[in-house]
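Residue numbering begins at 1 within each chain, and the chains themselves are lettered A, B and C in the order written.
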């Protein structure tokens, strides 16, 4: 285990910023903290980096305690590389000097070699003499990455590394960066609010909300087996339909009865509570759970559609007035207002106890 | 992960520290220590309040203060507006626009810095008073004419404005030059003309710099005695000197000076309060902007404006000084001038380095440990600039002499060690001019984003290395500005130099004092010219750096 | 980095060296005397040089204004390096003795050479040169017969014809102080008030300016120290200015004189040498050097006045001891404040 956060909390004055946060990361893995802005994800990153003290729990890096209440190994002693949202390149240094900034105790030959190696890795060979302001945003990003990687850090932290770039570049670069990190064998944590970026880059993702990690898991599980309403809502698209638990692996909704192991908050542990509520639950339906089938007797009316090239995402209105989403190959082009046939194809049944006062 | 011999193999625990009973870091301690040091003379001055000189106060309140306060108020208001109205547009024109002569003006407009304000004052009076050549000629041509007197409120304000505007010009120009161009471009994209963009974007963004420059000019105005004495314009500082020199009461003088300190401190803190929540980090790249090309009448207006200020602030005074100096050069210029010149340069250079370094330290400490304590510490540490020089000099000398006498009494040294040593002199300069260096450095420091520091720290670079490898290069423009301002100010400085100089360490400013004290204003022109020449050194250095 | 460090090292070297040097200089300074002088270097250094040449005693000196010099002496206390304090007015010498910074000197030579009214009654300080403050008028506009006394400058007939230097000048303060001594405060206040009423322009910042204003016709008369008149006339001999000696017909009055003088500091390390130097300063040779360097008058009545200065005419000095100028200076300043003499 390279990095472990154990029950980490942090508060400024009376305000709790981080709350009982725990997760661990293996050497060579890329972790990601995903969440909306203000959820505390950047604070976690800064606490790991050593820029912020913590007020509860501890952070362990390579088996050494580096942060605990009243104790902090300063950032400069942690061997943690960081890529900042604004890149924070040194404007007075050229690219080569930026990349070589953190290389201590090397001869100039070794240093130049390492810098050249890094520049090559990030695809900027030959740009060593350029100054940061002469580079494009994407190039600056690469320089920042190369600079952070140059001293072979224990761990690389990236704070919204692609948020300043346009969408296309963002997608391309995120894959490239993942390749670079994997090639270098680097362990990294990325902070982002963009789930595509998170899915594309990371091995493990922690979805954060209000200073807590809601779920620390693989991308697949976050999508298909979310453990909380927030995760279900924040990761991917979908709707919650009211349903009734029949037993531990059967849930009835208006579109039929779902079979299979129920996960989410209604999995075995949460079941008692649900039963006490008369079994009323809400069931997560992803767009890919609703299949368009002209032969199906179940009909829904097209209320809205979004063309996405290969697919069309339909918002469908059920006779009950509830809405579901359906992802349909785009040659099935139906007009708004049309009634089309649908059927369920649910692999993972995810249900949450019904909250009476507020729906999610 | 591949292993490279990149870090010296240290376990991460080295250097860890516990901050439960957190000792302030070395930086905070250093900053506090310096602040304490600079506070010593202020405390000496303030301690006078314990035993009020009732009789002198009663006299001053009845016959002097109302008039002096009115005079001081108008002077501060006039000079404050004057330096802003001249300094800011000049800075904007030379930093952002293009017009004939811009390149030359951009450095030449700094030149008035090299002339002490009291010298400009006696030149102005020499030229423009009733007995001066201008009015004499006018009378010869047109018979008796009533001129508005130069020895008036307007005259003092004009002269001080011309002498002090370079503070605002230099600092504001630095701000405009390094201001990210994005903000202005955003303004233009929103349909604002460059002029409107100046008022609504560039000016507000440069505010801490402009305010800093104006504050420097005003603190110097408040502390000034030489200029107002030449005009016989009585200000609060006049009362301080009157109490001391004429009524023989240093006590009353210190009490008056205490009021000045309190006043300035309140203003400084109020000013700081108004912008404490604003952050002035840079937006966008600070490459050289495409200059706004001025054409036709506007270009000539710009050139004309620069030329007029330059003529009034430098060319005319220096020409007059040269004329006067040429009358006495044979009689007065001797080999000792080499010594004076060298002493002036050496003192100014060492002081510039020292004060610049300390200002950087203060600024850095406040950055590392944001919070009220260090912010107020920096403010208090720079208060020495607002104190009249001689009062500050005494405030420094008394505790030093006391310490010396204690050391002798205890038997640690045979004879006084500190007094009359260069160390004390430099310390005194530090206390006097910390504000001058702190202002430009601090405002530029605010522009370095925090993530730059953090990036360096995450790469294993912190403390003194962080300053040397990141801050000093990124602040180089401000550091140079700060050093140049201190350099020129130290060269012009009189009371502290007189009081704390070691035997034989006469400088050009001392020479000016010798001549002016005897009323030989024309003979003072020779050392004054030499002073201007020596003052050109940093101005030219600054220019060379800027043109890079 | 290396550059930074070597620069720092070099600088700290300079610091250490200069600190040690200045210590060393004080430590070995035995065959010399140390002077704190408010008299400007160019007016005093020739005498130091002459003395060194004659006696071999070296003189170290520092110049500054009186106020800071007194505070410096006071702060240094018993460890002051200064043996002698020189000022250019009696008021500050009086203040120095008041603060206990001087010591009495018993010297027959000094008593013989310096007239009684130009030295401290307690022998703590001695006048070395005389600075006479008199009336200068415009020859083209004023008949000397119309002039009489300082007081008369307030006569309504001179309305808008008088120029004065600022009341912040110590010489005006001592002039008014001596008038208070002579006439008492109420009458002096009336006189000074009448001067202010006669001013043609607001007070000027120095004597030379005041004379130039008279010459240019801005006003017709002013009150200045004679050596300024001498210096100005040397430079511009054609100016229509002339000297008038006021208060010559009154018994206990005369032309107001101040002194440039000196005393031995209380904690002088080289007391005997210092006294010897003061005695030499009152001697004929030094007196001429001192007075002639600045067209002042010698204190020593046995010494002949410089021919150029003597040409301005003989006059009777105010015989009252100049110590009064010190004693009454604060009173005089407040009086001038009251009548708005700026």
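We take it that a contact is a pair of C-beta atoms (placed from the backbone, for glycine too) under 8 Å apart; a residue touches a chain by one contact, two chains touch by 3 or more.
Everything numeric here is computed off the predicted structure, so don't read it as measured data.
On a Cα centroid basis, the chain most remote from chain C in this structure is A. Closest to the middle of the protein, by Cα centroid, lies chain B.
Work out the mean CA point of chain A and of chain C, and you get 86 Å between them.
The distance from the centre of chain B to the centre of chain C, with each centre set as the mean of the Cα atoms, comes to 34 Å.
Chain A and chain B have CA centres that are 53 Å apart.
Looking at chain A, no residue sits in touch with two or more other chains.
Those residues of chain C in touch with two or more other chains do not exist in this structure. Residue positions of chain B touching 2 or more other chains: 469.
On chain B, the positions that touch chain A within their shared complex are 1-8, 10-20, 285-287, 449, 451-452, 454-462, 469-470, 473-474, 476. Within the complex formed with chain C, the residues of chain B that make contact are 59, 63-64, 125, 129-131, 136, 149, 151, 229-232, 234, 238, 241-242, 244-248, 250, 350, 353, 390, 393-394, 397-398, 400-402, 404-405, 408, 414-417, 419-423, 468-469, 495, 498-499, 501-504, 506, 510, 513-515, 517-521. In the complex of the two chains, the chain A residues touching chain B come out as 27-28, 49-51, 53, 61-62, 64, 66, 69-82, 84-86, 88-93, 101-106, 114, 133, 144, 147-148, 150-153, 157, 184-187.
Taken together, the chain C residues at the contact with chain B in this complex read 1, 4, 11, 14-15, 18-19, 22-23, 25-27, 34, 40-43, 60-68, 71-72, 75-79, 81, 95, 98, 166, 168, 170, 173, 201-209, 212-213, 215-216, 218, 228, 231, 294, 329-330, 333-334, 337-338, 340, 342.
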